[in-house]
Amino acid sequence: MLFSTLGLSCFWCHNLEFKGRDIVSIEDFIQTEINHILDVAKSMEPLAKGGSELLKGKILATLFFEPSTRTRLSFESAMLKLGGNVIGFAEPDASSTRKGENLADTVRTVENYADVIALRHSLEGSAKLAAEFSKVPIINAGTGSEEHPTQALIDLYTMRKESGKIDGLKVALVGDLRYGRTVHSLAYALALYSVELYLVSPETLRMRKDVLATIKSKIPVTENANLEKIMPQIDVLYVTRIQKERFPDAAEYAKVKGAYRIDLKTIEKAKKDLIILHPLPRVDEIAPEVDNTPQARYFQQVWNGIVVRMALLSLVLGAVE
Amino acid sequence: MLFSTLGLSCFWCHNLEFKGRDIVSIEDFIQTEINHILDVAKSMEPLAKGGSELLKGKILATLFFEPSTRTRLSFESAMLKLGGNVIGFAEPDASSTRKGENLADTVRTVENYADVIALRHSLEGSAKLAAEFSKVPIINAGTGSEEHPTQALIDLYTMRKESGKIDGLKVALVGDLRYGRTVHSLAYALALYSVELYLVSPETLRMRKDVLATIKSKIPVTENANLEKIMPQIDVLYVTRIQKERFPDAAEYAKVKGAYRIDLKTIEKAKKDLIILHPLPRVDEIAPEVDNTPQARYFQQVWNGIVVRMALLSLVLGAVE
Amino acid sequence: MLFSTLGLSCFWCHNLEFKGRDIVSIEDFIQTEINHILDVAKSMEPLAKGGSELLKGKILATLFFEPSTRTRLSFESAMLKLGGNVIGFAEPDASSTRKGENLADTVRTVENYADVIALRHSLEGSAKLAAEFSKVPIINAGTGSEEHPTQALIDLYTMRKESGKIDGLKVALVGDLRYGRTVHSLAYALALYSVELYLVSPETLRMRKDVLATIKSKIPVTENANLEKIMPQIDVLYVTRIQKERFPDAAEYAKVKGAYRIDLKTIEKAKKDLIILHPLPRVDEIAPEVDNTPQARYFQQVWNGIVVRMALLSLVLGAVE
């Protein structure tokens, strides 16, 4: 079900009505809605620890056409903690796609088996297409280099929980801003708040033009920022992996892969209450020595993935308002 | 447990006793039994929507040695909707088969972990072999080019639900009748009813001789039918995929793959109440423009997969009579 | 949580306190503890048949970086029979490892999704490493050629159940004693009891020196035993697969693969109450004709895997004392 395809401003959508809704792009949400999702996520914390029957009898299908540990297992754990169940596949080779089935048919099949679908796919636009064909809500679990809206919600939740607020934060996005789908969704989301944004990346991995145009019209953005210089001012250091698998050219990858490695020296002059986030997995972007600093919050971020996804599943299935 | 290996007519089997029984071949069933399965499937419709605890505490193992979206996820959804649980694998590489284990040993292992096993395998006879060794019921979820009995039951259920009857129908089977396991099982099943059958296929993909001999002894069969000519008379158009993966020769595949493509023009002169079925996945056999015609029922067919498999699981586990 | 890393004798561990404990190596246990696990396993027999809610709301993550039918499905079945749920992956390709994530990060991620982790990995030491980083209990489900402690517990449980005792048994370990992780764990475990051990293997597959040194200091061990000669005396014939996948050299494998094949002739002079065990999968080491002898107990051994793993899960999660 895709309301944005009507080309309307979707009054219904902005009425804090989430039942039956797709989570395709972070751009489909206004700030009030995002705040509501974060509030519901907070209310899920005790259920995530103690268990719940909120979605008893409901089935989540996880259709992962690209590999994932975190996102898939986190969706599955969230669904199970709500008393629901899970079916799905973890890679396209175990599915009918190998026999030539298109995504629209896969979706019109699986909607008969499940009450909600979490989709990861290598193609941009695939979540939107799936939503157009599906009778049950589609949750975008990462599409190509484009978007990863649930990760952006987790990032916002972590900022609010760990820094106590979102408005007023100075946030640096570091690493691969071109192919990294999480930073695209996060940039869109942050642009809904009063945030100052600093972009730090190798020249070849600068933020996508379309994303940049959107966010610059809303919040102050410093492109090509010098990490050392801004370190003493920033509140959030958001580090991303240089994604080998998105590079068309291996030589290009080799040139930039170690460009921004965060170690103890990098954060020497940081604020005491700086928080360091990373959507994970990481390879070399953050040295292990950083893991035990009070600033490191990327593993707390993982936990937050559970409660945010519990909130989204409960909302689109109408189990909470 | 395989009663048919006794070479007896199996009085027990025909006594509408399903508990502990294997579902290996559609040929093991008489019409009364099939009708009973379809009746039980109908009684599952409300449970498929509202949930149930009928198989609480029971475990289904899905052993899929060949890829599948539909069949595996549909069995799993059916089991979960009945309150049961699922273990299994979606491809042989993740199993001990890679270490050289034979199927008999795999079955004698898994019977300790599960109450019922759904098996998909590339080898003909594998479901029968598994049933010979297993202490728990084996459900054939597709074996080689041979049989796919649960799909045939879904097809019958769909005909009865959508056309209101099975006896009296004129059914055309179109496409790959040689390698397509679903049409073999379906042909056997239809031969138990008063049905007129039309076979439409490229010369190299004509119906297997052994299947043909059996069905011709029971019902009127028109081989090598002209699709255009029979279109105004038929009640059911059953289309199948030309299965690339079953062809020994790629050139042979290329020659026939587009042989019978159903589009709006093809069904121009069809009856109003014709129904078009397809076991899915489809590649090019049915044009997307057909999806929105009132005749298209292949996605309803997918839903019917849930209730038919719920019926089979409940029957062989003795949860319903 | 790894207490042994403290370098202490771990008073706490030997106090029959299992809650929160890792199952990394059989060497971490004293006999009293093993006996307790076997007692708890015995108390799980009715629950394995009738179902239970002992671990309702708990989640097991099965992280299998190497293929497995038996161990993974058996852990999953055990967890489901206790009313818990399961998430996980069956092979590394479907995980973030493909993106370069290290095991420590994977564990620190998954501990947020699950209450206990069962880990299979090709690297020796991986379970220990995982336990060092994990906040939730790690159960070693097989690491490299090193250890497979839960299999050893199953073997002991089977001996006690089928032979009525462990102390006093004469046990022959046959086959690949070099690369076979199950025999390493089993040898350590047997050395805690009053057992006589006979080692039978090709010259190139003799028992690892480190394991040998440990067990020889505790119990009588006959190396390089002649199978035919000892057959009339032994109580347990423990056969293992020559594991092709652990051999660096294919020619070396070809030389020894059929070295010790057990058939009816081999056991002609065996005791009436000999029991034949095998951790499975088998390839050619035991002829199928042996399967129906009263001595064959390897498929009973499979069932015992369920109750032993139910016991371990319940113990480390604190559901039983």
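We call the chains A, B and C, going by the order they appear; numbering starts again at 1 in every chain.
By our rule, a contact is a pair of C-beta atoms (placed from the backbone, for glycine too) under 8 Å apart; a residue touches a chain by one contact, two chains touch by 3 or more.
Just so it is clear, the structure is predicted and the values come from calculations on it, not from any experiment.
Student: Note whether the interface between chain A and chain B is symmetric in residue numbering, meaning over half of all numbers used appear on both sides, and answer same or different.
Tutor: Because under half of the interface numbers appear in both copies, chain B and chain A meet with different residues.
Student: Rotating chain A so that its CA atoms sit on those of chain C: what angle is that, to a multiple of 5 degrees?
Tutor: 120
Student: Between chain A and chain B, what is the gap in Å from one C-alpha centre to the other?
Tutor: Using C-alpha averages as centres, the distance is 40 Å.
Student: Of all residues in chain A, which are in touch with two or more distinct other chains?
Tutor: Not one residue of chain A touches more than one other chain, so the list is empty.
Student: Once bound in the complex, which stretches of chain A touch chain C?
Tutor: 50-51, 64, 67-70, 73-74, 76-77, 80-81, 86, 90-91, 241, 243-245, 280-283, 288, 299, 302-303, 305-306
Student: Hey, which residues of chain A end up touching chain B in the complex?
Tutor: 56-57, 59, 61, 85, 87-89, 93-101, 104-106, 108-110, 112-114
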